[in-house]
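To keep things simple, chains are lettered A, B and C as they appear, and every chain counts its residues starting from 1.
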Amino acid sequence: MRISVLPLLVKMFVKSQLEYRGAFWLDRLAQILSYGAVLTGIWIIIQKFELLGGWNWPDLALLFSFQLLAYSLGASMSFTQLAQLEEQVRLGTLDTLLTKPVNLWAYLIFSGLNIGYAGHIILAVPVLTWALVAAQIDWSLAKALFVVGSLLSATMVTGAIMTMIGATALIWVRSNHLFSIFFGFWELTRYPLNIFPAGIQAIMLSIVPLAFISPVPVAVLLDKPVPLIGDLGAPLALAAGPLLVCIAIAHWRFALGKYQGAGG
Amino acid sequence: MTALIEARGVSKRFRQHKRFPGLLGAFKTLVTSEYTEVAAVSDISFDIAAGEAVGYLGPNGAGKSTMIKMMTGILVPSGGALSVLGRTPHLQRMDNAREIGVVFGQRSQLWWDLPVIDSFTLHRRIYDIPEARYADNLKRFSELLDLTPFLDRAVRQLSLGQRMRAEIVMSLLHDPKILFLDEPTIGLDVVAKDAVRKFLAEINRERGVTIILTTHDLVDIEEICPRLIMVDHSRLIFDGELSRLRSALGSARRLTLEFTADPGPLPLTSATLTADEGLRKHYLLESDDISLVTILSEVGSDRGLKDVALHEPDIEEVIRTFYQRRNAAAAVAG
Amino acid sequence: MKAYIAFARSGFLSSLAYRNEVWANIFGKLVQVFARVAIWLAAYAGMTAVDGISIQDMVTYALLGGVVMGATRHDRLVRQVGNALKTGDVAVWLLKPVHYPLYLLAVEAGMSVYTFLLAVVPTIIIVALVYGMLPPASPFHAAMFVAFCGLSFTIHFLVAALFGVLAFWLMTIFSLEWLLQSLIVLLSGLLVPFWFFPEPFGTIASHQPMAWLVYYPSAVWLGRLDALETSVYFAFGLGWASLLAFALALLWRRASSRITVQGG
């Protein structure tokens, strides 16, 4: 399949959504309010308590907005498309895609590229920009590059994990319960890793490596200690993305094989 | 020479998670992980040559869709060997996909909110169809199936018949060697069905596109597919010409005799009485050998016979009889 | 009445039918409760009390949030009501001798009982064992807690249904869902109790209907209100519930008559 088909898929998808333009910005506003509410909640706590696990308000705002941005970028390329996989398997519409000379994953992702994350990004970017300035960061070229690199890696971590969860729809038909588990842990990534018990920290640094989406890279950025892995925080934050992508690719292939072997 | 499609002892089994009924059963389902195995396709073999048009027939759950999915590379067979265009479909999915066309009756491949032509354009890009060939095919097929008036209309605004015609055209734009259709005429009105059947028959005749068609509608088979493969409970039960099926069953022709006045009960030796409506009596002619003349002479000229009607069995009846005989034989044997 | 009990039972059973979701549910709740407890432990950072609230109070508060709110899914309700009205499906219900909103309440009650028994209770037991949970301030407070929980469920249902009905005229179901979410995050007391809010927001927040979702039941358990205040605020809550029920009935009547007369 030619790579050039992918932009065409995106174009067609955006065109098909133009009908629903009016609702689009209203929905974005509602989402901005919702995430804003959580951020406000954190602000209220800091008003009273000044520090959370040793992190102050700009630190926490940085963490929150970094997580939101990385998540949005990653999820726009995975979440809605893969969450719908369950239904497509059930209805059999997935089968028609398998009869075409297309890469299934690429087709699914690009034909449903979710521009609905625009709201998240509109909220995250200004807050992130402010926080990068307001938090006391010891800037250097390395740090600047690290911001970009870890953000990309975090995006990849999000996309890879979502792909793996979505792929289970190919094996077990139901995958949405796994997404709920994902989002459970995902909420934790809004807060510094050190406030959680060691057990949870360990899980989030290994089996469910969501810590690399935000708590680890931001801790490195702020020169704060990273629990359990300490100095490995920086290299692992950068490597986590590409590594998980490789695992996700293998898993996807495996799941597709299973689907063809045992699917209904 | 190898056939275009070769199936040798192909089988497919599925595992289904066991569900227990009732409230207690619901809790039990929560904690057990028992499976039942279901055979969808069992030991099926056939050869299909290039240019053939084959109907794949069977009741629901007989394994038709499963067989098509294996031939198109969607599913991997549990056993046996399957070769399509000289390849194993699931192992060379992409290469196989380029040379086949697929139409799944109830699952549309067209983009719902966009004009039909947009889906076609995407199709052209996906299959890398040369511009000239694409334009040529598009024009020709759109004319044949009368698509031109609504090529620019959004798919959601089309009727089911129009949508299906568009789907079929799309599936042929890339000049596939084989066209697989899974229940394409389901839900269509009479006019649309007719248009589709004529089109498919012509495509098969003139372009030599091999057609594999699963359907419940026997007229589809009559008009498009000279050859018929029948399956039931995952097994192949018939493979051959439709005409052979008719004669294999014996032509159970139906005879209707109409009288000016009720001649009373009239059993015959040359035919079996199936219904007595007084003035009209219906008979079944079990054997092919018995001629109408024999029957009429048995009736005699003094009963007041007014009219005679002889019905060849229609295909529905042929198939139904076939299944009945099979089930009866199975009941006796098993 | 029998019909509604049957509906509740079917709500319970249909939740039971989704095997894998049970574990995912328990899991998701466990994580959320852990997160809240961890945040408060970190905020207190070793201090025993802030503004007269002890750390044990706050741990219990965090646990109670899960108990009270854990079972009801307001997003599901908003969507159900919203969709029923938008698609006109509700017309089918208007023909039956069953009041649709009451039917929904019954089904939701059944589903909530299921989630409560199989997800919330195990979660609370686990977390309470790990962190320690304070018992109710007195038998009176314990009894009132149960009453407040019933009130909380009712108001939660009413608000969600109300938002669902609003989708008929205003906005999209999606945006209303998210809007409700943002209100609940801040105004139910789920994350931060109102006694930590800067004034005058604390007072305002304590008197709007959503305060009865988490704040009041939890405050009663902890004994933050004496017998008189508890009774007064219970009555106040009932007042809000009645107002909301009235508003819901009114809007529901308007919407359904629009559907039956004009066909939606």
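Operating definition for what follows: contacts are C-beta pairs under 8 Å (C-beta built on N, C-alpha and C of every residue); 3 or more make two chains touch, one makes a residue touch a chain.
Here the structure is a predicted model, which means the values were calculated and not measured.
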Point out which chain occupies the most central position, where each centre is the mean of Cα atoms.
A
Compare the CA centroid of chain B with every other chain's and tell me the farthest one.
C
With chain centres defined as C-alpha means, what is the inter-centre distance between chain B and chain C in Å?
54
Whole-Å distance, C-alpha centre of chain A to that of chain C, is 28
Could you grab the centroid distance between chain A and chain B? Build each centroid from C-alpha atoms only and quote it in angstrom.
47
Looking at the complex, which residues from chain C come into contact with chain A?
18, 20-21, 23-25, 27-28, 30-32, 34-35, 38-39, 41-45, 50-51, 171-172, 174-179, 181-183, 185-186, 191-192, 196-198
Which of the residues in chain A end up touching chain C in this complex?
23, 26-27, 29-31, 33-34, 36-38, 40-41, 44-45, 47-49, 51-53, 172, 174, 176-178, 180-181, 183-185, 187-188, 191-192, 194-197, 200
If you look only at chain B, which of its residues touch chain A in the complex?
14-15, 69, 72-76, 90, 93-95, 97-98, 100, 102, 104, 106-107, 109, 111-114, 118, 121-122, 125-128, 180
Any idea which chain A residues touch chain B in the complex?
1-2, 4-5, 8-9, 12, 15-17, 19, 91-93, 95-96, 98-102, 257, 260-264
